[in-house]
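Both complexes below contain subunit A, partnered by subunit B and then by subunit C.
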Partner chain A sequence: MSEVTQEQITALLCQRLANFTEIETEVSPETNLITHLAIDSVKLLNLVMEIEDQFDISVPLNTLVDVLTVQDLANLIYKIKSLSQ
Partner chain B sequence: MSLLEKLDAAAAARKAQLPEGIGAFGIPIEESYSATEARIGKRRVLMLGTNNYLGLSFAPECREAAHQAIDQEGTGTTGSRMANGNYYGHRALEREFAEFYKYRECIVFTTGYQANLGTISGLVGAGDIVLIDGDAHASIYDGCILSGADIIRFRHNDPADLEKRLRRLGDRSRNTLIIIEGIYSMLGDQAPLAEIVQIKNTYQSTLLLDEAHSLGVLGETGQGLVEKTGMNDEIDFITGTFSKSLCGIGGFCVSNHPQLDQLRYVSHPYIFTASPSPATIASTRAALKLLQEGRLLRERLWQNAHRLYSSLEKSGYRLGPQPGPIVAILLDNPRQALTLWNGLMEHDIYVNLVLPPAAPEGKSLVRCSINAAHTTEQIDQVCDVFSKLHPIVA
Partner chain C sequence: MSSTIAKLGVPPVQKSNSLSSRIDVVVPTPTVNSSPQKRADFTTLVESLEYAAQGETGYNFYDSRGNLKSVLAYKDLCANSKIIARRLSGLGLARNSRVALIADTTPEFIELFFACRFAGLVPFAMPVPVNLGSRAIYVQQLRGMLESSKASVAVANLDFVEFLNEAVGSLVSSELKWSGTPEQLDLLPEADVVFSPNTPDETAYLQFTSGSTRLPRGVVITERALMTNLRGIVCNGLDVRLGDRCASWLPFYHDMGLVGLVLAPLAAQLSVDYLATRDFAVRPLQWLKLISRNRCTIAFSQPFGLKLCTLRARESDLADLDLSCWRAAGVGAEMIRMDTLKSFAAKFAAAGFDERAFLPCYGLAESTLAVSFPDISRGARSLRVDARTLIEKKIAVRVQAEGRKYNEFVNCGRPLPGHEVRIVDDTDHEVPHMTVGSILVRGGSVMNGYFNNAEETARAIRPDGWLDTGDIGFLFEDDLYITGRRTDVIIVNGRNIRAQDVEELAEQQPEVRAREASAFGISNEDGSTSVVLVVECRLASAVDRQSLINRLQQMVYMAFGVSCLVELVPPHTLPRTSSGKLSRFAARQGFLRRANLEQPTAATTIHTAG
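Then we have the complex of A and B:
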């Protein structure tokens, strides 16, 4: 997973998040994690650990404060991933 | 949405989740009779949900010491340790804690919550890293947030997962504070301390161990997991609370690093709050003596813990991973947990109800905590009731 594009990250997140909640909903980059998907804080923290392992990066929880949508999360992962290379 | 409307919405969501469950939280205790019995409403109940592990809440030595302190020093210090609130008792208790652990330094805080807040935020800051167990207590999370350090979680009690995350950090592992607990407050399991110590040494990180629930409970003299595993020389900082086995209120941090003392000058949760009252300090000092000499109490506690754990297991309940003074019963959902909780209350037994997000991994728990003062008859009575109620969860 050395070269990964922002689009790939977004697509991967959408796919993963669709199975993540009980709510039947289409997940798009604009989807709000909390208000649309009703992801509680514990689930979000566990998702972060999965993401860290998948992309082999560290995603500090304090960097999540500005993350509202799937796109925000994808941007953050992309930024961390690019910096770590 | 206004600030107050947001609170209304949160209250409505809470009521919708479990309308009858509300009564389980903040239940009014009308009278406390002993370390094991209290009155709730009209019922005299057996308390199986306290953190009073050694049963010292009515110990005559501690009550006497508290009385004397009130008579001689008054009810409150009315100030911070850094100003007018630094009494003889606070300094004596710090010395006694340091001697107990055979460490150089100790700082006493006003609560255990503040001990974590003050220690963590004093040790790390922006640019540093805290690597915390996934099941860490809220006081640890809050301390990390207050510190401004980068917060990373590792999978609960999983040394391989911790190592993987340290490796990812590269050189930054040397600026990393790893935080774990001796006994975890919800599931009652113990940290794999020896393995974690080995990893922290390899990566030259710093380790903080919170012995809140293991102080008085583990080790020959009750130091906690550190003593049970013989790791005294390996732990950088130990925090803990007076509010559980010591039956007071307050917290501490001990360390062999002389730099701990510097926290007094930088740590807001130490500086900007009043120091513990003289009575609290006096009863805690008396309780610390009883705790150190309390080998027989620990034996009683562990006999009770094993008795309850194995009986519940036989009855078919799903339990936390290992026996101990905290026995967690895992239920499928909040409703089932509440039904069991109500069933126990109808039989005059009080336990803790723990619902998501307070319990790890979205679990719903009925959490029992056992105490050295529980008699074998009381434990057997509890086991009978649990066995009768098992069809509720089957």
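Then we have the complex of A and C:
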């Protein structure tokens, strides 16, 4: 998992998020997590847990306040991942 | 009780470069104390701390994997907060000046809180940001609290200080003398002062009641009210005894977290094990593991927290848990549904959880925290009442026959000593038992009012001292049953959302005019609550309408972290009162009618018996 690229993270997130919501929708990097996927607080925490376990990182809550799209989230994970190495 | 914890008495090793005694080889504070237990028998908060400091107990902080991160024994808290108090005193602030603290679950927050009390300052806790994309609204929230409190000092740890700085930078007129991190505060010189003792009538702290963005209200709690409530919680509600130990994930900026699980344990010299709220929310089982491992006896949660545990626990998790030590499982802060408690008990009975530990209670920040408790160790009791009579006559009639539709309400017990509860109708007359009405509370724990807000204070407290809680319920055999909140507050996943705040967000959109948006909560089939926003809209194009809906949903989410149903209706659809004000109650009825949903007025789900 250490050599993961930003593109791989984005692709993985798109794939995970497509299963994550009840809404039948194509998930792309530009997809808005709130308006398109209706990620509520419980789903968000599930997602954070999965991300943390998958990438072996800890996502600080204060960093999520700037996340709106799948791409924002992927960038954040990539940043935390590279800082932790 | 765990003998390993009881025997722990290793002197803490101080880190040389740190003010707080974060310990290198960390061991939790013991459950059994070295000095005799005094149960909240103090007149002020610092007096409680001075006494607790004579013993060995204190606060322990755990990380998301359940490892002990730092320890703050009461004696270290006492010493450290006096040093910080001297630094604060050097700022030359008037007595009772307000100090804003962003309240992450850290030892620094508690040290600062007590430092304020030693220095004669009034602390208050501000929330940490939790929602996706919420930066702008969070900063606006902080600014609202700084303005409303006229704060002189504001402190945030490194994770949150940029939000604080942004909020501080946007203040128009400000009394703020200093803001920064605890580390920056440590660089200030210590003033050579003798602390003047606190008096019972002085303000102990402010408690902000909701995430209101524009007009947050700070509840003023005096030392007397606080100590009265702590005594009630410790002696009557929990009947605290030797061997008690607490565990908590509740946020320090929430009244149940702060008063119930920081100040009450201190007033009885109990040790507490903390898990950060965020870590609990992501991995709720860590809380139960902490209770099991440290043999904790007292732990509180909102129903939402219990649901999270039930939802996330796998069979394999249960084998490692022994919850038989947990004698007081307090539940409060939102409507309690019997189903939630039953599912939790059913799930964790295998792990030794005894459902008689359930302690469903009622309270609100305006009465410090606790109003009523049922008898300890009896578990949650409930009453099934006929749904139709409840809606039509506002009377709770116990269901006798099978097959009748009923609502089930949880018994929240009796008021603490020195407190009275009374149920009144719309004309303010007391109603008989079993009749549903507004819940009023009177007694020593009731707030002085909202800080610097005479108008809201007058709305909440009657001249004869009765506090209007805003909640609705009935009495049966002197026990209190909550049936719902009034329509001005929507509670979702344990969070209080003011309907007015949602409406104001909508009105910030150029397409929405003032007083043309109405927000309220509706119950879903699974017992959860959804926020509904009905907006009068003149837009004709489907694209424009969809764009407005998306924007509204996004704004509500960013502000409150909840999804929201948006309905656009033609102008003049929303019902108004004779004075032109929107009626949320009528708006909700209209929405339910259009959506073809049947719901009781009491905002609870109907069950069918039999």
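The rule is simple: the second predicted complex is superposed on the first by the 85 of 85 C-alpha atoms of A that agree within 3 Å, B and C clash if a C-alpha of one lies under 4 Å from a C-alpha of the other, contacts with A are read in each partner's own complex, and residues count from 1 in each chain.
Criterion: a residue touches a chain if its C-beta (ideal position, glycine included) is under 8 Å from a C-beta of that chain, and two chains touch if they have at least 3 such contacts.
Fair warning: this is a prediction, and the values are worked out from it, not measured in the lab.
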{"item": "Combined model on subunit A where subunit B meets subunit C, clash or fit", "value": "clash"}
{"item": "Touch count on subunit A, higher of subunit B and subunit C", "value": "C"}
{"item": "Subunit B versus subunit C as contact partner of A:I34, first or second or both or neither", "value": "second"}
{"item": "Subunit B versus subunit C as contact partner of A:L68, first or second or both or neither", "value": "second"}
{"item": "Touching partner for A:A11 - first (subunit B), second (subunit C), both, neither", "value": "neither"}
{"item": "Contacts of A:I57 with subunit B and subunit C, given as first, second, both or neither", "value": "first"}
{"item": "Which superposed partner A:L44 touches (first subunit B, second subunit C, both, neither)", "value": "second"}
{"item": "Subunit B clash site on subunit C (candidates 165-173, 183-191 or 471-479)", "value": "471-479"}
{"item": "Those residues of subunit A which subunit B touches in one complex and subunit C touches in the other", "value": "40-42, 45, 48-49, 52, 58, 60-62"}
{"item": "Touching residues (chain side subunit C, partner subunit A) in the complex", "value": "64, 128-135, 138, 159-160, 163, 278, 281-283, 308, 493, 550, 553-554, 557-558, 561-563"}
{"item": "Residues of subunit B touching subunit A in the complex", "value": "129, 134, 145, 148-155, 164-165, 168-169, 356-357, 360-362"}
{"item": "Interfacial residue positions of subunit A with respect to subunit C in the complex", "value": "32-35, 38-42, 44-45, 48-49, 52, 58, 60-62, 64-68"}
{"item": "Residue ranges of subunit A touching subunit B (in the complex, touch as defined)", "value": "40-43, 45-46, 48-49, 52-53, 56-63"}
